[in-house]
């Protein structure tokens, strides 16, 4: 009996200790996205202007009691966590960052390497924020982008429209989404990361193209076309649509499989790396003309070559841009050499920055069109 | 020696696996990335193989003196006085081990699950919860170890399954780019993640099926080695080497990464943390039992129950000793490592040598 | 130990009447037999316990008819007279000579008839037990779809018969003991001699011997007196109303106890493996039986965990759920005034009350009240906005899951655990739940049942022998050619191995 009493006393003291972490789920705010701008307002303290969008819980579910699906709130602060602190004076409930989906960085912020590094570190060190947050770069102003009104309310209420757009299954390869972990990894491996670019439209948000961030600092942009080409060379996408012309007619091809292999040729004085790209797909649209019917092997070969040629031209251009204009290892060559040819890497690693722009990169594209659809 | 307690050799295997796999598993990739880089798995396999002669050594001690438990053997070989010193060293090792493990667990719970709850509370509740089973004999604890053993394997399995979709096995390259010095350092580091095996000292004499001890033990060691290797390789495949050096708990980050909305598998870190608490418990239970038992033999009492309770504040005090993570990871760990080497390798070796000599002399 | 029968009939009758004073249901039938020198004899029996028909037809009638006894030979009077009575006077099948009044009273109070004869210092006990008993019908607590439908009744002899019919082996032993100072309840210890582990048998006998209590009214009282750890929430002895379950257990090398006045037989040792088995598993095909067994294990988790997890996730770690669920969960709780702990605890307790109310009222009304009450109250509560609808689903789930567990006592134990887990989750969230799992797991592993670890075969004995194939799943009969190992039977082979055809 006495033992029971002691146990009961211990238990009751336990219960009186107060449940420190207990916050009911409906009492929390779950922001989806956070936008980072540079603060230009002299009157307010803080280096950055942060904008947060979070869903209105009362508007979800069967008995929706409120109309606005999303709330937007902004404030200035020196770091994300100071922001949380500041917002407690304006919001009724504590913020819980676990469901954060997207981090938007404005151009200005991205150009400033120090600011970027601070933001990246805070995202990395925090234990609550998921490391799968998507990174987005915004032309002009993140706050403006987030305030854009959007059409479909239900969807955005649950997932946040930016996040849904980025996760859109029908990958168009106009942009390649990158999450925070990959962002850091890419910068670690090859000093450069490509972040999708977003800009506000009339009543919508447009995400296309990419921003080149070298060593956490913005140095240039990529057109959507270039992003697609880059992703193909890096073996990052599997689906694509390519347009080419043949005999004056427009040939649309749907690519369903991409294989990209790198090979090191010539270790001597001049490094040469060859890309073997194989695209596999089928013909989507051509032209309905009798002498353009696809009936022979030669015709098919010609079509394939046309597409391959188109792709190769784009790729060569991108290579030139990457090497000469930006001097940035977008093709993960460093990774390749250090992993597959470690001895060579040990020799050249100190001179990599100098050697890179002069590496001869040859691109060889083969296209295989397996099917032609239902008509000839 | 209590003739009534009996353990099956399967329980012994469960005990080995569950005692060793505890807090070490979370930082295995980290410690190795520093020294051996992407070849860390080689260190793991070597360290695992080194455990086997250790196991044989332990078994040999008991073969020399059948029917006696470690305390009786110790007294018979080294004499009361020296053995008392040995027991005190062993006890300190067990207590420090307990403190390190429980404190690490507390820190992790605080980070991932209960951010504002005071660490003291987390630590003390864990100690109290573990004390319940520690008051019983080794056969009960072996049973608990055997219960947790499949959970550990499932744990490793889940981690592998989760990691495969995003794995980039290229990261394992380049291979074989380390020096012999690196190998020594790496293997040395990893050795401490295998600590826990010495707990079978309390169990071997009670195993019924003597033939199978070595077989089961080796299987257990192999299981541990495989699990560590697999986890290392998966962590490496997910994070590049660079990241691995900077992440503090790569295994947990691996779990958090998983995001397959289509399969409704998101935010699995909670599940893994929950399972992991049980895994740590299976490490703590035999350690705690051991500490209590050693004390009870030192003071020549019949039951170690009271010592278990008396140890609650002691463990709590030592666990709360490091003021911050630096002191925990670098200072307390250091003390633990030194005591570990002494208790796991040197002292048993001493007993074995003296014991063999004595036996030879007796003939 | 006490009074012995004296030769004087009057003295005997006086003593008996004094002991059985104020028991107006005792019948005294006096007769005089013999031709010329009549000898007085008396029958003593208890109305209702003794079958009056049997006595009147077989003893009294026979005695009255055959009155040709020659009482001359006084020397061997006792011998001769007894011989005469036993050979010709009484034609019942069961007769015994008893001269100790303690034993005699025990017999009379059990329904036998006492025959006292003047001049003889021995009494004859005639076996005339026969009282009104319940017919053998299907056990209400354990129904099966396929399998035998007879269940135990409150009469010990009927029950042992039901088992005898299933074990026609000379090695099947039925040993009687009496427990309870005043109730003198008959208890039958049953076991198969060459299979059972003698140590377990010894232990059972020892513990039964050590009982010193007034009355044992039901087998459950015996269960709680005899088990290893009465403080534990888990039962360590199985009970069942089905004779086929008992017979199966005996074949496994376990010991069974049948207690008079109770239709529940006790089986020991019991482990968590056996408590999760139902006799139906053996009568359905192995594929279905395996699936159902796995579902039962799932049911165990479904009893303890969902409410606690709800509390932990809602109040402490919303981040543990998949993203979409979090919003819906938050939305469903938006207007609930109570914190999750209170909501969970409250609904679970209300469900308990409803369930208890359902059992009190038997028949169709009872089950309807359970369902209707639950539904209505739940629905109304959600409409009023004081609980979230997810909570109702969880509460219904936990309650129904508890019915999927074969052993009622085990299910009750787990239901209690559920509340402890809710409290722990309320204090420390998921970590609290894990602490609860540690404590519960420790307890299961520590518990023993007559020397057999309770956690067998998962963490105790029997793993080496492959018991898992009959607990975790149900292997086909062809694979179960050995008896399970946890009860340490002497004789392990039940079937010829590789019995394909």
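Which chain is which? They are A, B and C, in the order written, and residues in each are numbered from 1.
We adopt the following convention: a contact is a pair of C-beta atoms (placed from the backbone, for glycine too) under 8 Å apart; a residue touches a chain by one contact, two chains touch by 3 or more.
Just so it is clear, the structure is predicted and the values come from calculations on it, not from any experiment.
Engineer: Across the interfaces A-B and A-C, which one involves more C-beta pairs in contact?
Structural biologist: A-C
Engineer: Central chain, going by Cα centroids?
Structural biologist: Central chain: B.
Engineer: Report back the single chain whose CA centre is most distant from the CA centre of chain C.
Structural biologist: That would be chain A.
Engineer: With chain centres taken as the means of their Cα atoms, state the distance from chain B to chain C in Å.
Structural biologist: 45
Engineer: Averaging over Cα atoms per chain, report the distance between chain A and chain B in Å.
Structural biologist: Inter-chain centre distance comes to 41 Å.
Engineer: Just curious, how far off is chain C from chain A if you go by their C-alpha centres, in Å?
Structural biologist: Once rounded, the distance between the two centres reads 67 Å.
Engineer: What parts of chain A, by residue number, touch at least two of the other chains?
Structural biologist: Expected reply: 14, 17, 21, 98, 128.
Engineer: Mind pulling the chain C residues that touch 2 or more other chains?
Structural biologist: 316, 319, 323-324, 428-429, in rising order.
Engineer: Can you list the residues of chain B that touch 2 or more other chains?
Structural biologist: Answer for chain B, listing residues that touch two or more other chains: 114, 117, 125, 261, 267.
Engineer: Enumerate the contact residues on chain A facing chain B in the complex.
Structural biologist: Counting only chain A, the residues touching chain B are 14, 17, 20-21, 98, 127-128, 130-132, 167, 181, 184-185, 188-189, 335, 338-340, 342.
Engineer: Across the complex, what residues on chain A touch chain C?
Structural biologist: 14-15, 17, 19, 21-26, 28, 30, 55, 57-58, 60-61, 65, 96, 98-99, 128, 157-159
Engineer: Taking the complex as given, what residues does chain B use to touch chain A?
Structural biologist: Contacts found on chain B: 111-112, 114-118, 121, 125, 170-171, 173-174, 177, 239-240, 242-243, 253, 256-257, 259, 261, 267.
Engineer: Under the stated contact criterion, what part of chain B meets chain C in this complex?
Structural biologist: These residues of chain B touch chain C: 8, 10-11, 109, 113-114, 117, 122, 125-126, 129-130, 132-133, 136, 140, 143-144, 146-147, 261, 264-267, 269-271, 273-274, 277-278, 281, 285.
Engineer: Name, in rising order, each residue of chain C that touches chain B in their complex.
Structural biologist: 316-317, 319-324, 428-431, 433-435, 437-439, 441-443, 445-446, 453, 455, 458-461, 463-464
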